[in-house]
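Each of the two complexes below includes chain A, the first together with chain B, the second together with chain C.
This part shows the complex of A and B:
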């Protein structure tokens, strides 16, 4: 693999993990009755920016390298399901995340000051942060499975 | 002390600034639309090859096509909602947050089950 694609893959993994950690931080903070708005705004911005960077770097690698060089190796190996299930699910579920992260960020930046007084809103924000966390963890685990099966 | 709104207080509070919540509600609705479109394009595209080929021919790769069309639909819904919604308040925000969370999880489970089914039948 040439250094360019290696860099893209590393950026995809690192920013994906940063985004997952940041959204988990948002989830934990919104479970508190009086969350820190400054932290929530910052963490939601980091989540969105990380997912966007991970989306573009991973997408470029996936479209121009994975399909020709990695996919045939996985399909010919012992674990073809790693591509047919894990990669297929991962690549499409990953498309949800930037839109969901942007929606969460919009709520926190425009209405975040109401979280301490509006319990319903705080619980709904926690629900969305929880959904994004679950999907981000799934995408991360699928990435580990795909990497393992390509070796 | 934390104040929690109930009953008439909540109704008054929720209805206070409909213009302020238009952008947020538009983005939430746009995200719901994008998630549903990606799921439908993926499942229908795998069952009906011409659709997948169309996305591939138009955007180099079907995955890129799904992302582009999800982004286009997202922008259309956001601007459509901002310009067209007559009534937008925080009660709708609460509902849309719940709907987006549920739609995303259901769509993800549907995609996983679909690919498991496809794998076990090929």
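This part shows the complex of A and C:
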């Protein structure tokens, strides 16, 4: 693998993990009775920015390297299901994760000051943050499964 | 510095902060609850210790993924299917999910504190087994872990009662 693709893969993984940890931070903070708005805004911004960087670096790697170099190896190897199930599921969830993160960030930046007074809003923000966290963890685990199957 | 050495140091630092922090959370909690209420000083100590645990968790996770990338670039992707690695990942997810349940008050302190305390130690031990190429199935590790959580919760409760603390 040439350094350019290595850099793309490193950026995809590390920013994906940072985004996942940041959205987990948002989830934990929204479960508090008096969440810190400053933290929520900052963490939601980090989540969105990280997912975007992971999105573009992973997408570029997928189009230019994975399809030609990795996918055939997985399909010919012991674990072809890793591509057929994990990659297929991952690439579709991966597509809308940044948009979910953008929606969450928009709500927190525009209506975040209502979180302490509006219980319904706080619960729905927590629900959205929880859904993004679960999907992000799934995508992360799928990434490990895919990488492990390429031998 | 060699990248692998850097990853080992970062992962060890994260583990030390996490395990040490989880231990001191338990100690501070026992001390704080001895008089039946948590005052502002005790609350401050607990918050600081939770921050240390979170820093440890972030360091351990980031360096852990650093290892996975290292294996990817050095032709060792077979290591990513090691059952011990998946047991360790499961334990990290348990730590994260337990924190959510504790924050949402959906789990009792009896189980919540025991799960956090025991899981940090279990993940560390599994990490050591992983480094030393020991071979166990995912099922063996997780059943042992579940038993240790139950026993750990009981032992912690007995220690609290011995010290005159009720949750």
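The working rule: the second predicted complex is superposed on the first by the 151 of 151 C-alpha atoms of A that agree within 3 Å, B and C clash if a C-alpha of one lies under 4 Å from a C-alpha of the other, contacts with A are read in each partner's own complex, and residues count from 1 in each chain.
Here is the rule we use: a residue touches a chain if its C-beta (ideal position, glycine included) is under 8 Å from a C-beta of that chain, and two chains touch if they have at least 3 such contacts.
Bear in mind the structure is a predicted one, so any value in this text is a computation, not a measurement.
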item	value
Room on chain A for both chain B and chain C (clash or fit)	fit
Winner by number of chain A residues touched, once chain B and chain C are compared	B
First, second, both or neither for A:11, with chain B first and chain C second	neither
First, second, both or neither for A:93, with chain B first and chain C second	first
Touched partner set for A:119, first chain B, second chain C, both or neither	first
First (chain B), second (chain C), both or neither touched by A:144	second
Chain C, chain A and chain B - angle at the middle CA centre, rounded to the nearest 10 degrees	130
Touched partner set for A:32, first chain B, second chain C, both or neither	second
Which superposed partner A:128 touches (first chain B, second chain C, both, neither)	first
First, second, both or neither for A:21, with chain B first and chain C second	second
Per-pair minimum CA distance [chain C against chain B, superposed on A] in Å	17
Shared chain A surface residues [contacts with chain B and with chain C]	130
Residue ranges of chain C touching chain A (in the complex, touch as defined)	58, 61-62, 65, 68-69, 72-73, 77-81, 89, 93, 96, 99-100, 103-104
Chain B contact footprint on chain A (complex, rising order)	33-34, 55, 59, 62-63, 67, 80-81, 84-85, 88-89, 91-93, 95-96, 99-100, 102-103, 106-107, 110-111, 114, 116-121, 124-125, 127-128, 130-132, 134-135, 138
Residues of chain A touching chain C in the complex	1, 6, 9-10, 13-14, 17-18, 21, 24, 27-28, 31-32, 130, 137, 141, 144-145, 147-151
Of all residues in chain B, those that touch chain A in their complex	2-5, 10, 13, 20-21, 23-24, 27-28, 30-31, 34-35, 38-39, 42, 60-61, 63-64, 66-67, 70, 74, 90, 93-94, 97-98, 100-102, 104-105, 107-108, 111-112, 115-116, 118-119, 122
